[in-house]
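As structure tokens, here come the structures.
You will see two complexes here that share subunit A, one where it goes with subunit B and one where it goes with subunit C.
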Partner chain A sequence: MTKRMAKWVSWGFLCLVLLVFPRVFGIYYSNVFVAFAIFAVYSLTLNMLLGYTGLLSFGHAMFFGTGAYTTAIALDRISGMPLLPVVLAGFVASVVLALILCPIVVRVGGTAFAMLHLAFGQLMYVLALKLRFLTGGEDGVGGFPIPAFSIPGIISVDMTNPLNFFYFAIAVLGLSTWILWFFTKTPIGSIMIGIRDNPQRVEYMGFRVTHTKAIIYCLAAGFAGITGSIYALFQNLISAEDGYNIMVSFGPIMATIVGGVGSFSGPIFGSAIFSIIEELTSRYTERVELVMGLILIGVILYAPMGFMGVMGLLKQRWLAARKVKLEGAK
Partner chain B sequence: MNHILETKSLFHDFSGWEVLFDVNLEVREGERHAIIGPNGAGKTTLFNVITGMYKPSQGAVYFKGKDVTGLGPYALSRLGMGRSFQITSTFERQTVFQNIRMGVLSRKGIRFNMFRKVDGLEDVTRETEEILKRINLDKERDYPASILSYGKHRSLEVSMAMATDPDLVMLDEPTAGMSKDETKYAVELIRRLTEGKTMVIIEHDMDVVFSIADRITVLHLGTILASGPPEEIREDQRVKDAYLGEMEE
Partner chain C sequence: MRTGRKILVVFAIFSLLLMLNLPKALAANAKYDAAGLPDMSDFDPSNPIIPTGDTIKIAIVASFSGPAAIVGEIYFISVQWAAHDINKRGGILVDGKRKKIQVIRADTQSKPAVAKKVCERMILKEHVNVLWGTNGSHIMKVINQVAKKYGVIAQCAAALSDELYDARNFTRYSFMTSFQTNQIGRAAAYYYGQIRKKEKKFYILCQDYLFGHSMAEGFKEGLKLYYPQAQLVGEDYHKLFLTDFAPYLTKIKASGAEVVYTGDWIPDAANLLVQARQAGIKLPFANIFLDEPNFLHKVGVEGTKGLLNISQFGAPNPLFKNDLQIKFYKAWNDLWKTKWKAPFNTYLFKHPLGNIGSYMFQTYWLLSVIERAGSLDPEKIIKQWEGDSYEYISGKVMTMRPVDHKAIQDLHAFEYVPPAEQKQSFNIPPYSYFTGCSNTGPISTIPAEKIMPKLDPKLKR
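Coming up: the complex of A and B.
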């Protein structure tokens, strides 16, 4: 009971912190936080494939970019589009793209899965550059109107105000995080982990691996689309470089590895570590990637389980040390 | 006579190398059927073809009177065929409880539920715990499968196949690599778990075979040499020549 209370208290505290965050740290750091949150949730969607299903994708950016472009183009072309439907459109567009790829990609794993995604991801990148009439080519889509968050007759909140947008982005991303976390706890979530560890046995226990993978794949794609959509709204601009570039695919892989592949919250910590490092190093040098690359090498060599793995180890040592102390006291 | 499983002139080859040659296996409902044969006789391949891992190059497999040739493992599992593996194949990073729970989810047809927490499904938890008691692994409930002793890990392997509640269970050398005591315990467990079910077992240990099986099929060089009750097989001259004789020397 007290454990449950502690849980609620800490969640309440977190909500409170997020609520006062912009007032305490100001708009600049609020925007830094939104950028971090977008990247963190985007990394979570990749971890659904990498950490939970054992599928490494080199082209996850295509879902991020598709969500972003869908939202941007919808707002650019259709006047009077409301806010939530355009975010939802980002989700749907990415799910549709995932559904198209499903029949091929769920049948493969390992290197083939990674390479197919590299190919499809790059294809989307080129399409975004070449389909100028739709995507604006290298300029991308930008300067589109940001609609207000409105429930007709009740409330209308201006989203061009960065403070309001902060709350909106955090709410959408927070809800997405909760849904992804809940998914890992459901029966299909436990089958997903089974597929990572032993797909053959899962198949022999009466579950259809390809179908289960397809559902997870679409889910991961859809929520990556949502993060892309929020990104487009946040920047009021989306270009091929920000949406479909290969680095957009590699970013969450690095964040996940640094944070810890085996855990749900690993990618969040990984993203936080990267965001902080980016913020700090960019004050002194432009070679942010160099620093991050060195950190990645260090993690792979010395802490392959990432930040969460190191934390788990420290916790174990602390518990063991305490046990020795307690026994000594007896 | 009711045959729950039947293969009709089954052939299988690996890129031209014939491993199964005109295999006509008949398994009656409710019997404990052992498949024996020297190494390389094609026992595991026969299992793999029957359980849907490979498609036979010729011939057909009938399960419960239905032609199931070419169906995948998941489809056969849903029809009521369970299988354990010669090389232990569990979810090693997950707990014993979670391993067995997979089978319980399967038998209840919970495959795509994403709206409830799996820990909150009380009937699933209860049934899983009942199974754990029956297989004497309730003390190890929350251990990861990988840290179980070899004998217990093998019991888990067999129990996972049984957790899906199959009508026919195919056990591929369940006692492989076990000590004498472990084997004795495993045989007892298998006997208990497969009560009222049909079982096909591949086994090398002749003591196990003759103590557990109602009928025995001898596979030799990819084809059936003899098939019948244990006494008959023991006396069969061809079997003695090919297999049993060697062992007694």
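Coming up: the complex of A and C.
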């Protein structure tokens, strides 16, 4: 079997697993999986900034929350809104917010970037609480109608059915993941790594660092908006606490660090680890954050490269051992 | 003579009809069987006897962690008591089988997203029959949505916002057995405008979410209706779980208010009262949750004197009108004195009255409905509960309005007085609710017809 073929077989197998997942594990675990997938893709968008461009954001939740609120408010206020346009609205609203912030934030980096985002994130949180006429204040926006996925004259699928929603969410999030991955493979994807490692050198090479940063920033924001949008549809509710809270910003940072900063799939594994831990520990204790915090401390102390780093290390050792074994056999 | 006889016959027939029909009109469909109260001496909320296997499962969806963790424990002891009582009577016959009641804690952490997840877990993994909730109308909204989605019965025993049952949010799977924000607001206004007729300047301070705003709207509506001479001198909404009330208290002080109307629940209620008294504000608070005795003791007799509590577990004075009521009370209070451990041995749990009493008897009502429905089929429970009425041990009658699933009831205004004056209400030794703080003295009834639950005209059923 060629490498290419093996790759296609793996993808096919993954699709098959996702297809039968709800049938095998039931609605509850399908919902857990959707929640994980939302968080994983959201973490991927943060990793575009943190892992690939070296920009640590303490306010990434503002894009997630904006996408979620846009979708929720659109469905709440405008009757007959179709499904895909409301998801797209979440994307556009977050990109617009990113464009507004771009002139300020792309000119800075490091601590300034992180703290500016902390401030903007908190501003959005307070606005969501105070603009009660629009956001519902502390209650948030909830109970809005969930439109069916429909292509006029061809198909109409009820999205209030958890099974149907599972497939829809996985499709949208899967597509988002592929686009983000594809972006990292484009020339601009290489430039963003350059910006992370040595922005001055990239500048000297003739690339416009601030412009590139702005593009990456808007892209990350837009896809964070999509995850927020799916989250709002999934929960049929969005509140300031779930959309803009500081922990919504810290969550993906933790997942990215635990999974492996810089690696594309690191945040996915980090999110999976946190989702599993949350699912298991929440049955026995309310101190889920404490357990997660301990894991983060452990990772920072003993495996700073995260899960993917450890996997890479193990792979290297295994290859080295195999090489020695093969040489010994000769 | 003939005319006199005719009048006599008419009078006799009228009296007969009255005797036959009036008690029927007043009587509830079912009532709590106080005479059948079993030996409850083995009831311990710290080590509850929870049956397993084929049971009737009730999930208490509430805050069991975070700043409002104690609220979950209040619900738990109330519901578990009712479950324990019924279990010791042998359980409930449903679908041809006698089943016991299993109470499960479901922690929302006061977060809507967690509430949704935990509700789904309760339904899909634990297979609960009833979702019982909760502190926070925004959380109850989530519970109702999940109940509707999966066709499971929800009982709204502690969230009070009318909006939960308006045309937009109504679900036939959920029943609101608690009192409601609009009703409470009108009750407080009725008390000040039609009964007390003294204070005229009011200040509204509520929590900044659906419930707080609904409470305020109800009060403003009530003032227009029952006390047009009253003046609203200020209105504020603070964040949930606020720790520093100083900015609001300064405004209240400057406003010249004579009464502060608040819907705050603990921990906000406790912080508000304690900080107000520390700031030298001695105004009475018209409230529904400023009745938590642990913090009332912190404030002391003078600081709590004059508080006005609108209660959903009230009855006209005196509290004890027969031996069965005393027996029931002592079954609880003796255990509190001798057996229970922290947090259940604190002042908060001393009496099976107030909100604890209400949560407990709302649960008895639920269990009575299930028993009379004879089934755990939600459709049969809905059919049984719509239009049903139930009498609490206090004699209070609750009626479930079929159209919007809201409970119709009299409410009572409790005026807090020093211990020596509490005898008018607490009429058995030691003749006071508490010695370290003021508590219920005079009780005024606000009749149900003056405070009918708000009905959304758009709700078509």
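Going forward, the second predicted complex is superposed on the first by the 329 of 330 C-alpha atoms of A that agree within 3 Å, B and C clash if a C-alpha of one lies under 4 Å from a C-alpha of the other, contacts with A are read in each partner's own complex, and residues count from 1 in each chain.
Just so we're on the same page, a residue touches a chain if its C-beta (ideal position, glycine included) is under 8 Å from a C-beta of that chain, and two chains touch if they have at least 3 such contacts.
Computed from a predicted structure; not experimentally measured.
Participant: Is A:Ser239 in contact with subunit B, with subunit C, with both, or with neither (first, second, both, neither)?
Facilitator: Touch partner of A:Ser239: subunit C, not subunit B.
Participant: According to the stated criteria, A:Val202 is in contact with first (subunit B), second (subunit C), both, or neither; which is it?
Facilitator: first
Participant: Classify the contacts of A:Asn31 with the two partner chains as first (subunit B alone), second (subunit C alone), both, or neither.
Facilitator: second
Participant: Quick check on the superposed pair: does A:Phe21 touch subunit B, subunit C, both, or neither? Answer first, second, both or neither.
Facilitator: A:Phe21 sits against neither subunit B nor subunit C.
Participant: Does the superposition put A:Gly142 against subunit B (first), subunit C (second), both, or neither?
Facilitator: second
Participant: If you stack the two complexes on chain A, which partner ends up touching A:Phe250: first (subunit B), second (subunit C), both, or neither?
Facilitator: So A:Phe250 meets neither subunit B nor subunit C here.
Participant: In the superposed arrangement, what residues of subunit A touch both subunit B and subunit C?
Facilitator: none
Participant: Within the complex, which stretch of subunit A touches subunit C?
Facilitator: 26-28, 31, 35, 129, 132, 136-140, 142-143, 160, 235-237, 239, 241-242, 286-287
Participant: State the interface residues of subunit B toward subunit A in the complex, per the touch definition above.
Facilitator: Residues in contact with subunit A: 51, 72-74, 77-78, 82-83, 85, 89-94, 98, 101-103, 105-107, 110-119, 121, 124, 160-161, 163-164.
Participant: Sort out for me which residues of subunit A touch subunit B in the complex.
Facilitator: Checking each residue of subunit A against subunit B gives 182-183, 185-191, 193-194, 197-198, 200-209, 211-212, 215.
Participant: How about subunit C: which of its residues touch subunit A in the complex?
Facilitator: Going by the criterion above, the answer is residues 64-66, 107, 109, 111-113, 116-117, 120-121, 124-125, 137-138, 141-142, 145, 149, 168-169, 207-210, 213, 239-240.
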